[in-house]
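Common to both upcoming complexes is chain A, partnered first by chain B, then by chain C.
Up next is the complex of A and B:
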């Protein structure tokens, strides 16, 4: 399901399945996109932040078109305890690899992988902080 | 043949891409087909141009022919130049029959009476466009062929497109000659400039697809908002919002291709509005600021802003009025009166 911002339109509530993973896409070339994500985050229920939210930063291939600081993005990931992925949509290889990663994460969040749950993401992130 | 003419022809040929030299020389028609056959177009351009000059030498080319070749090059590569639009005004409503010979005669006479050293060349094209090339000199110097001005005039319209050379001082003279020759009484420069001559013509001749206001009470259901998105597994949550934006965009921009402009410039002479407690700028003077939007295709990028999620729809009328008002240079001043809003200077 694609949405331009949150909250989701309520008229479609009955048509929506259970949400297992929320991916916030930030275009590194657009400050507007970061602002949009920050305001949308307020509409996400706290329970999602136990591994069911992830940030996907796109457009990282164009180094000289960056409008958003790395600091801001890393801080966002830390504040919301959620992983941050970087990708470049214009390159097919990276696009496919990123899609595969997200599908893998989604599988875990939906409970399809025995022995691993969304909480694993949170604990993985904690561990790297301690390094 | 004059040395300067030879050099000018040589340099003009050098400007042309190698695969196009033959067609341009054919269009020129100064060299015979037999002569063109003797040219080897597979060597480096330097050599090709030398051979062309030699053939021109055989035919005794003069500056008139060289200027004609230059017009041909500039007609094909018209988008390399920056064009400004001028509008002429008639004093009365008399419909006069346009006589091209009369026009040319009057134009040349007017220019030459003010400045002896000019090279004037005309070429008419099928779309009723008259191309005029003017190379300017001074009372003491021969015309500089490397910095000519170009004028494109469609005789059935009051519009003239000018690509002036760097020597801007000749512009008033050029304008005068134009109004005298075309029987108008006044000419003014419009605030409209671009590299794409055709797009400027589209804008002033109103040839681009404009959207006429039609009353549609509800958005048409099942509209093909995004025909490329055929994958049914992707669900658009904000479909109704997307459709609203699409409809607004259609209303503002129409559904056809937009004329090609490279920039829009807004000169602001408005008051700086801030919290009065902050007391910024004690002197109540206008805050002068220049805002310039540039893009390889400005209107298409403005049209894609809202659908791409980078701006809210509807866009500011200051941006969307560009083709309707036929201008891309604006001066925005304070509106004097009860409502301190800015207005666009006519």
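Up next is the complex of A and C:
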């Protein structure tokens, strides 16, 4: 399910399936996309931040078109304890690999992988912080 | 370092194409005359080969290399290196004036980040600016690359860095009436390309920047963000367009105008060192 911002329209709440993973997409060429994500984050229930949220930064192939400072994005990931993935949608190989990663993450978040839960992502983040 | 305004006046009000250059190996200041001769011979040879710059025009290209000690940030920087190409038509008399045809210069203004880590025999002049035909630029560039084992790359300026330039110099106090601060945006992903030009009265820009900047002489990323966000918010209020979703392509202030393709024009000599310092930093980060 794709949405340009949050909150989702309440009219369809009863029809909506359970949400297992929220991926916030930030286009490095658009400052607006970062602002949009920051505003939308406020509408996400706190329980999602236990591994069911991730940030996907797109457009990283074009460093020269950068409108967002990298520090701001890393700080966002740290503040919300969620992983930050980088990709370049214009390159098919990277696009496919990123999609596969997201599907794997989704499988874990939905509880389809025995022995691994969304909380694993949080502890992975914590470990790299301590390094 | 106060540069003599006369010596650097020729740099102003010209459109310079920017390049980053890796350190030059085996460059010796004492040999400038030799280098000029060799470069001149190289250019003549390339023209003979048929890689002529202008077909059918009989032109002798004369090369002059000189140092400009005034153009540097500190004593740790190398003095700037100037390359001038001038032409003398063979048809005219021997005493006719040489016509300047192309101008390029290498410089480093507070480029310590690069020069302090570089081994012996390397000369650091990371910023290269050229004015004139692209064909001459590529001839001169090839010769330098072959002779000093260095690498030239076009220096692009990201929207992030263009925003810094606006914030740094929109609020500058200038003696004469300052020109408007202009931001040019290009809107992506439309069937017809759309450019948006946003002009701000220099007094308003300065007033806004003065409320944002906390410590005079110091600028932080947050202050630049707040400044730009105010400009975007103002535009959105009037036109319902989010400029932050568009690509900032060109900025113009009274001090400097810069295009994301790496083309700058410096308009005021007083801020020349400051502009060159920022451009040197951009060149160094492209190299590293």
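Quick note on the criterion: the second predicted complex is superposed on the first by the 131 of 131 C-alpha atoms of A that agree within 3 Å, B and C clash if a C-alpha of one lies under 4 Å from a C-alpha of the other, contacts with A are read in each partner's own complex, and residues count from 1 in each chain.
Throughout what follows, contacts are C-beta pairs under 8 Å (C-beta built on N, C-alpha and C of every residue); 3 or more make two chains touch, one makes a residue touch a chain.
These numbers were taken from a predicted model, which means no experiment stands behind them.
**Student:** After superposition on the shared chain, which partner residues are touched by A:12: those of chain B (first), chain C (second), both, or neither?
**Tutor:** Only chain B; A:12 stays clear of chain C.
**Student:** Go through the superposed model and pick first if A:47 touches only chain B, second if only chain C, both, or neither.
**Tutor:** Neither partner.
**Student:** For A:123, select first, second, both or neither according to whether it touches chain B, chain C, the two together, or no partner.
**Tutor:** neither
**Student:** Quick check for you: in the superposed arrangement, does A:30 touch first (chain B), second (chain C), both or neither?
**Tutor:** The answer is both, since A:30 touches chain B and chain C.
**Student:** Quick check for you: in the superposed arrangement, does A:67 touch first (chain B), second (chain C), both or neither?
**Tutor:** A:67 contacts chain C only, not chain B.
**Student:** Check the residue A:2 against both partner chains and state whether it touches chain B (first), chain C (second), both, or neither.
**Tutor:** Only chain B is touched by A:2; chain C is not.
**Student:** Using the superposition on chain A as set up above, list the residues of chain A that contact both chain B and chain C.
**Tutor:** 30, 32-33
**Student:** Can you check the complex and tell me which residues of chain B touch chain A?
**Tutor:** Going by the criterion above, the answer is residues 234-238, 240-242, 309-310.
**Student:** In the complex of these two chains, what residues of chain A are touching chain C?
**Tutor:** 29-33, 35, 63-69, 71-72
**Student:** Quick check: in the complex, which residue numbers of chain A touch chain B?
**Tutor:** 1-5, 8-9, 11-12, 15, 30, 32-33, 36
**Student:** Within their complex, state which residues of chain C touch chain A.
**Tutor:** Residues in contact with chain A: 156-160, 163, 188, 221, 228, 232, 242, 244-248, 260.
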